[in-house]
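So, here's a batch of structures to check.
There are two complexes below, and they share subunit A, which is joined by subunit B in the first and by subunit C in the second.
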Partner chain A sequence: MVEEKRILYEHLDVPDINTFDVFRQYDGYKGFEKAIAEYQPEEIAKMVLDSGLKGRGGAGFSTGEKWSFVPRDIEPRYLCCNADESEPGTFSNRYVLEKNPHLLIEGILICCYAMGIETTYVYIRGEFTLGKKMLDAAIKEAYEQGYLGEDIRGTGLNVNIYTHPGAGAYICGEETGLIESLEGKRGQPRNKPPFPAVEGVFRKPTVVQNVETLCNLPFIVSNGVEWYTQMGPTYADTRFDPPKPDANTGTKLYCISGDVNEPGVYELELGLTCTELIEVAGGLRGEEVKAVIPGGSSAPILTHYELDTRLDFTSLTLAKSMLGSGGIIVMNETRNIVDCLLNIMKFYAHESCGQCTPCRWGTPWVRDIVQRIADGNGRQSTITRPKFGIAENGRWGDTGETEEIYEDLDLLESVANNIANVDTMTWNTICVFGIAVSWPAVSYMRKFRPEFEAAIRESKLVTLPVAEATVPPEENYAYQQRFVPKEFADL
Partner chain B sequence: MSDELIQIETPFAFNEENQREFDKLIGRYPIKEAAMLPTLHLAQRQAGYITPAVMKYVAEQLEVSVMKVKDVVTFYPMFFEEPVGEYVIRVCHTLPCALRDCKEVLDHLKAKLDTDVASETNLAKGTTADGKFTLMKVECLASCDVAPVIMINDDLYKNLTPEKVDEVLNNL
Partner chain C sequence: MAFVKLNDLEIEVEDGTNVVEAARQHGIEVPHYCYHPGLSRPANCRMCLVEPHEFFPPAGAIVPARQLATGCTTVLRTAPPERKLDGKYDSIVYTDSPRVKKAREDILEFLLVHHPLDCPVCDQAGECDLQDYSYRHGHDKSRYLEVKNVPPKKDLGPDVLLYSTRCVVCTRCIRFAEEVSGTGELGLINRGSHDEIDIPRSHEGVPLQVLDNKLAGNVVDICPVGALISKDFLFKSRPWFMEKADSVCSGCSVGCNITVEYKADGVYRLKPRFHEDINQHWMCDDGRLGYHYVNSDDRLQLPLKRVDDELSPTHWADAIATITEKLSEVEAEDIVVIGSAQGTNEDNYVLQQFAHDVLKTTQLGLFGQSPGEEHKFPQFTIEADKNPNTAGARTILGSANGNVVLEGDALWEKVSNAKVVYLVSGASERTLEDAEKAALESVDFLIVQDVLPSEVTQVADIVLPGTTFAEKDGTFTNSTGWVQRIRKTIDPPGEARIDWEITQQLAKQLGGEMNYHFAGEIALAIAENVPGYADATHQKIGDAGIKLT
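Up next, the complex of A and B:
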C-alpha cells in the first residue's frame, strides 16, 4: 500500500499551528529566512523552474516558466493568490487556510521576494468565512512579528498581503476572471493574450498562483531542488527529439470524495494509480467501481477499465483526461451516470458567466437535454440508418448494418462540441469553462452510452451493471487514443 | 434606475464601525472601484440585503455609476437584492454531496421549515413566513469529504442526517 507523504500537511493537525509561535516551533518561516539569507531573487526563480513545480490549481502549467514571463522592468507587479476553491470535489485549500495559514504567508513571501513583488491579494472564496478569519488573524500576527510590512527582517523587502473576499461565482477561479473580479467588476474572463504575467490586475504584470502551489515553495527552498525532484515520476516528452524530461515532481493534495470509506485529503507523491488512491482512502464503499472523476467535475470521467491510470499531470493528459485540481470523485455500481451528469450539467449551467454565446446558451441546452433523458422523455428517432464504422474492406465506411438513432445523444454531443470540441481541443469561448462543460458531457456519454440509451429506450433512469454500462475500450473512440507515457529514465 | 425610485427607499450610510472598516479597505487598492466586493459585503451585513439605496451609496463611495454597482450585484450569487431571513441556510447539492444523500437533508429542511427552495430571482419563495429562515440550494461548498454539508450564515455543518439537522436547528 502506498504511504502518505505529508509535506504541506505535515503539521496540519498540530494544535494552534495557526498561531505564529507554534508555527515557528515547527520550522515556520525557516524557508523564507533561508531564501533571503542565502539566495538572490533570481536564484529562487531558477530553483522553482528547476524543481519542475507545476501549478496545482488546474492547468498544471510550470510555475517557474510562468514566472519567467513576468517583465521585471514594469512596476508595480502583483501577486494574486487564488484561494477561490470552487471546483466540485476539491477541498484541500480550505484546510490550509483554516488550519495552517502561516504556511501560505511564507509561500507568498518567497514568491514576492523572488519576483520583487510588494503587493499580494489573496482572493478568497466568499463562503470561506472561517478561512478568511484565520488568514486575516495570521496576517495581523505576521505584521506584528515583522514578517510583513516594510523592511522585513532588515532586508529592505516590503510585502503587504490583503485578503479579498469573492461572492460565490465559480468562474472567478479562472485566473482572468479572478483579476476582473478583483478589480471590482463582474468576474468575466478576459481574452488571452495578453496573459496576466504581462498584463494582469490593474493592467500590471501579475503572478496568479493557487494556494497549494505557493505552499510548496518553502519546502523547495529549505530542502533544495534535488530533494524535491526525487518525488514523483519524470516522463519523456517524445514530441521533442531527443525527448525532453517532463517532470511531475512533488506531492499533491489529493481530495477524494464520493463512494470511499474514508473521504478526505491525502498528500501523496504524484504518480500513484486510481486503484492505489482508493485503497489509501479506506477502500471502496460498495461492491465495484463504476467510474472515477480524476480532477474535479470538469475532468473527463474514467471507467473501471482505466483504474490503472496514474494520477499525475502527464499520464492523465495522455489518457484524455486531466489531473486538474486533484479532486477525485469515486462512484460505485449503484450510481446512475445519467443522473450524475445531470447534476454536473446543472452546476455548469448555473455557473456560466454569460459572456460568450456558445457557453451562455449551450450550457442550459445541454442541461435540458440531460434532464429530458433523465425524466424519461429522451428523443429517439424511429428510423434506422446505415451504421458507419470499419467496413469489411478494413476502411471507414458503410458496415452494411443499421443502427437506431438516439437523437438526443447526437444532439447532446453536437451541442457540447460546439461549446468546445473535445476531439480537436478547440473552444468557441474566451476561457476554458467551455471545455470544462463539454469534457464531462461528451466523455460520460461516450463511455457510458448504454446507460444513456437505456434511459431513452425505457423512458426512465436505468442503472445497468458496471460491465454492461461501460463501453469497452476497443469500441470507445476517446479511449483508443489513450497513451501511457514512458518514464524518462527508461529511455 | 432613476433617482425618483431611489428616493422612495430609506437612505443608507455606513455606521461608524463599518465606515472605519471601509476606510481601511479603500487604502488597499490603487483604484477605488476595486474595493467593490468587500464594500458590498460590508453593506449587505449592515443593511441585510442590497437595496437601491445601498447601491447608490456604494456607487458614491467608490466613485462609479450606480449601474456599475448593479452590474456587479446581479452577477454574484452571494449578494441579495431582496430581503432574506435572519438565518440563510445554504444546502450544497453538487455531485459529491448528492452522492451522500443531500436530497434527504434538503427535503427534511423543506418539510421542517415548511418552505420551498429559494431561486436566485425569487428569494421570498424560500423564506419562512416568520422571516426567520431562507432556504437555498448552492453549488459546491468545498467540503466534499464531510458531505452532505450546509452553511447557516457563516457556519458550516458537516456530515448531516435529518436527525442532525434537527439538532442544528434547535441549537440556533
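Up next, the complex of A and C:
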C-alpha cells in the first residue's frame, strides 16, 4: 500500500497553522532564514535548477530554467503568483491559501531573494474569498513580524506582496491573461514571444509561478537538493547524446475526485501509477474504472488500458496526455463519455476569451456538435476517409486503407483539430487554451468512439459496458505515443 | 535590406518589414483582418498565417517551422552571416504552401460560422475582405449546422451604425479609438463567441458615451467587413457603381489625400487615401462629410445680376458684358481683385495674371473660409485654417512683380475705398462679419464668383457661378508645403463654369492675351514663373504630391 508523503501539506491540519506563531513553531520561515543566511541569490537559483522542480500550474516547465531567462539587468522585476486555480478537478492551491498561507509567503520570499524581486502580486481566483482573507491576514502578520516590507530582518531585502482577486475567468489563469487582467485590462492572453520572463507585468521581466511550485521552495532550501531529487523518478532522455536527465522530482498535490471512495488532495511522490493513486484515495467507487482524467479537464483522457501509466510529467507526456494541474478525475462504468465531453466542452465554450478566431468560434461549435449528439440528433450519415494506423514504414500514418465514420464524428474531430491539431501538436491560436479544447474532444472521441457511435445510432445517450466502450490501444491513433518509450530509460 | 525567399521569389525588403507588407510589395496577397498598418498588431484574427522556415535549424538544413506564424507579426530582418539559410537567405517564407492554404480555409470557415451572409443587403458587399478572401481562399460550402448567434444592431453615434452580426472581432475599431483618436469610446463586451463591440452603457443599456469624435468615420473605413457602417452612405450605392478619383480634401489646410467616389449625379462619399507625411490612413469627419454642398440643389447654376435691388438670373454673355463695361470705366487703382484660398493654384494664377497684366492693378486680396478650431488627437491634427490652399493662393497671387496680397483688416480697408471689386469666394456658407459686410456694401460694383448663395453673394451686384473641388482639375498647396492634385469628377451644375475659365474669359474680353486650355497648362506657367514651384507640374506631382523646398 502506497503511503502519502506529506511535505507541503505536512502541517496543514495543525490548528492555527495559519497564524504566524504556530507556523513558526513548526519551523516556519526557517527555509527563508537559511536562504538569506547561507546562500547567495544565485546559489538559490542554482539549487532550484538542480532540484529539477517543474512548474505545478500546468505546463510543467522547469522552474530553474524559467528563472534563468529573466534578464537581471532590467529593473524592476516582478513575481506573479498564480493562485487562479480554476482548472476543473483541481483544488490543491486552495488548501494552501486557506490553511497554511504563511508557507506561500515563505516560498515567495525565497523566490524574491533568489531573483532580486521586490514586488509580488498574488492573483487569487475571485471565488476564493476565504483563501484571500486568510492570505491577507497572514501577509499582515508577516509585515508586523518583519518578514515583509522594507529591510527584512536587517538584511536590506525589501519585499512587498499585493493580493489581487480575479473576476471569475478561467483564462486569467493563463500567465499572460493573468498579467493583462492584473494590469487592469481585459483578461486576454498575449502573443508569445515575448514571454513573461522577459516582458511580463507592466512590460517588465516577470516570474509567474503557481502556488504549489512556490511552496516547494522552502523545503528545497531547508533540506537540500539531494534530499529533494531522491523523490520521484528521473528518466534519461536518450534522444540526446549524452542522455539528458529528465527530472520528475518531488511530490505532487494530486486532487483526486470522481468515483473514488475518499476524494480529496493527496500529496504523493511523483511517479505513482493510476491504479496506485486510486488505491490511495480509498479505492474505486463502483465496479470498474472506465476512464481517468489525469491532469485537469484539459488533459487527454486515459482508458482502463492505461491505468499503469505513471502520473508524472514525462510518463504522461509519453502517453499523449499531461500531468497538467494534477486534477485527477476517476470515472467508473456508469459514466457516459459523451456526456462527460459535453460537460467539459460547455465549460470551455463558456471560458474562451474570444480573442482569436479559431477558439472563439470553434469551441462553441465543438460544444454544439457534442450537444447535438448527446441530444440524439447526431447525423446517421457516414463518410469514408483514409484510415490512420501503422503504415508500411512502421510508423503511424496513412495506412492506404479507408474507414467509415459517422459524419458528425468526423466533423467533431476536424473542427477540434482546426482549433489546435492534437496529432501534429500545432495550433493556430494565440494561447494553448485551444489545445486544451481539442485534446479532450479528440481523445474522448477516439478512445471511446463506440459510445459516440451508439449515441448517434440510437439517437440517445447509451452507456456501454467498459470493454465495449473502449477502443483498444492497438487500434487507435489516439494512444500512439509521440516518442517511442524505449528511448527513455530509468536512470 | 533583408534578402528573403518568398515562395518562388527572391526579394529584398527593408529590415523590419512584416511578411504581409513584404508580400504586398511583390503583388502577393496575404489575407488579413486585424492587421492594419496604422494600428498596433494584436495578431488575433489568425488569417495571415504563413509558413516560415525554422529559425534555429539543425546545421545546414532548411526545415519548415513546426508552427505556422502570423505574417502580420513576423518581421523580416538581416541575419548574421552564420545564420544565413542556404548560404544566402535571411529568411524563407511560404505564403502558398499546402499547410498555409489549409489554415486559411479553416480560419475562414470559423469566421463564417456565425456570419449572416447577408451580402445582398450589406453595404460592404463588393469591397468586403470577408467576401474577397472567402472567394479566393475559402471553402465552397459550410459545415455548420448549429444555430447562429444574432447579436443586436447598434447605433454607436451620429454617423456610425454597427451590424454586430457581421463583425469578425478584429478589434481594429477599438484600437483606432484608443491609439489614433485617443477617445476610447469602443470596447468589447461579453466573452468568447458572444464578444460584441459596444460603447459604454449603463446596466439598462443607456449609452454613457457615444462614438462622437471628429475622426469617428475612419472606423467605418478600417472595418474589414460590413459591421461598421456610415449612416451617411448607408444604402446609397453599391461600391462598384461608383467612379473613383484621387483628390485632396478641401476641408482644411492639412490637405488629406482622398478618393472621391461619384456617379454622374453627384459625389457619394469621400474616403481617405494613404499619404505617409500628411494624413497617413485617416481623414476627419468634417472633411469626410463636408462634400454635401457639392450636391446641393441650391448650387448657383446661372449668373445672377442685381436688377431693381434683386439678384435675378441672366445669361453669361450679359454677365460678362456688364462686368467688362464696369471694369473699363474705372481706374486701375480703384479695382481690387480678391482670390480664394478655396480655389486651386491654377485659379489663382489666372486671376493674378488677369489683375496684373490686363487690369494693371497690383491690389490683390485673399479670401476664404473663416478660421475654425484646431483639434489635436494623438495621431492626427485638424487644422484651424478651413481652406485647403491658403499657402498656395497667397504665394501665387503675390507672385507677379509688385503684387500686394492683402488679408484681414487691411484688405477690408482697401475694399471700402474701391469702386469695383472682383471677389472669388467658393467658401460655402461663408458668413460676413460686420466690418467685412460694411466694406463690401460700400463697393460700387461688386462681382462675386461663388458656388452657393451666401451672405457674400447677397451683397454682390453680379454673381458668377463657379465650381467646387469636385468639379475641376488643379493643385492645392497645404500648410506644410505639399503641392497636391485634385481631379475633376462630376460636371459643374447648370451653367456653372470652372473658375479660371471665367476669369480667362473676362481677360479675353478686355483684350488680355490668355489662352489656357486645361489646368495642367496653367501649372506649367506656374512652374515657370512662381518661385519654388519649378517642380509643381501636374506630371511631376502625380499621385504622391511634391513638397516645396
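Going forward, the second predicted complex is superposed on the first by the 456 of 491 C-alpha atoms of A that agree within 3 Å, B and C clash if a C-alpha of one lies under 4 Å from a C-alpha of the other, contacts with A are read in each partner's own complex, and residues count from 1 in each chain.
Heads up, the rule we're going with is that a contact is a pair of C-beta atoms (placed from the backbone, for glycine too) under 8 Å apart; a residue touches a chain by one contact, two chains touch by 3 or more.
The structure presented is a predicted model; accordingly, all values stated were derived computationally and were not measured.
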May I ask you to decide whether A:L411 touches subunit B, subunit C, both, or neither, giving the answer as first, second, both or neither? second
With both complexes superposed on chain A, which partner does A:R186 reach: first (subunit B), second (subunit C), both or neither? both
After superposition on the shared chain, which partner residues are touched by A:E43: those of subunit B (first), subunit C (second), both, or neither? neither
Looking at the overlay, what does A:A169 touch: subunit B (first), subunit C (second), both, or neither? both
Regarding the shared-chain residue A:E351, is it in contact with subunit B (first), subunit C (second), both, or neither? both
Between subunit B (first) and subunit C (second), which does A:W361 come into contact with in this model arrangement: first, second, both, or neither? second
Once the shared chain is lined up, is A:R372 touching subunit B (first), subunit C (second), both, or neither of them? second
Determine, under the contact definition given at the top, whether A:T426 touches first (subunit B), second (subunit C), both, or neither. second
Partner with the higher number of touched subunit A residues, subunit C or subunit B: B
On subunit A, what residues does subunit B touch that subunit C touches as well? 169, 186, 350-351, 353
Contact footprint of subunit A on subunit C as seen in their complex: 42-47, 49, 66-68, 70, 73, 103, 106-107, 109-111, 113-114, 143-147, 168-169, 188, 190-195
Taking the touch rule as given, give the residues of subunit A at its contact with subunit C in the complex, in rising order. 169, 186, 191, 349-358, 360-365, 368-369, 372, 411, 415, 418, 424-430
Once bound in the complex, which stretches of subunit B touch subunit A? 28, 30-31, 33-38, 40-41, 62, 64, 68, 71-72, 75-79, 90, 93-96, 98-100, 138-147, 151, 154-156
Which stretch or stretches of subunit A touch subunit B in the complex? 85-91, 93-94, 125-130, 160, 162, 164-170, 181-187, 202, 255-259, 263-265, 293, 297, 327, 329, 331, 335, 340, 343-344, 347, 350-351, 353
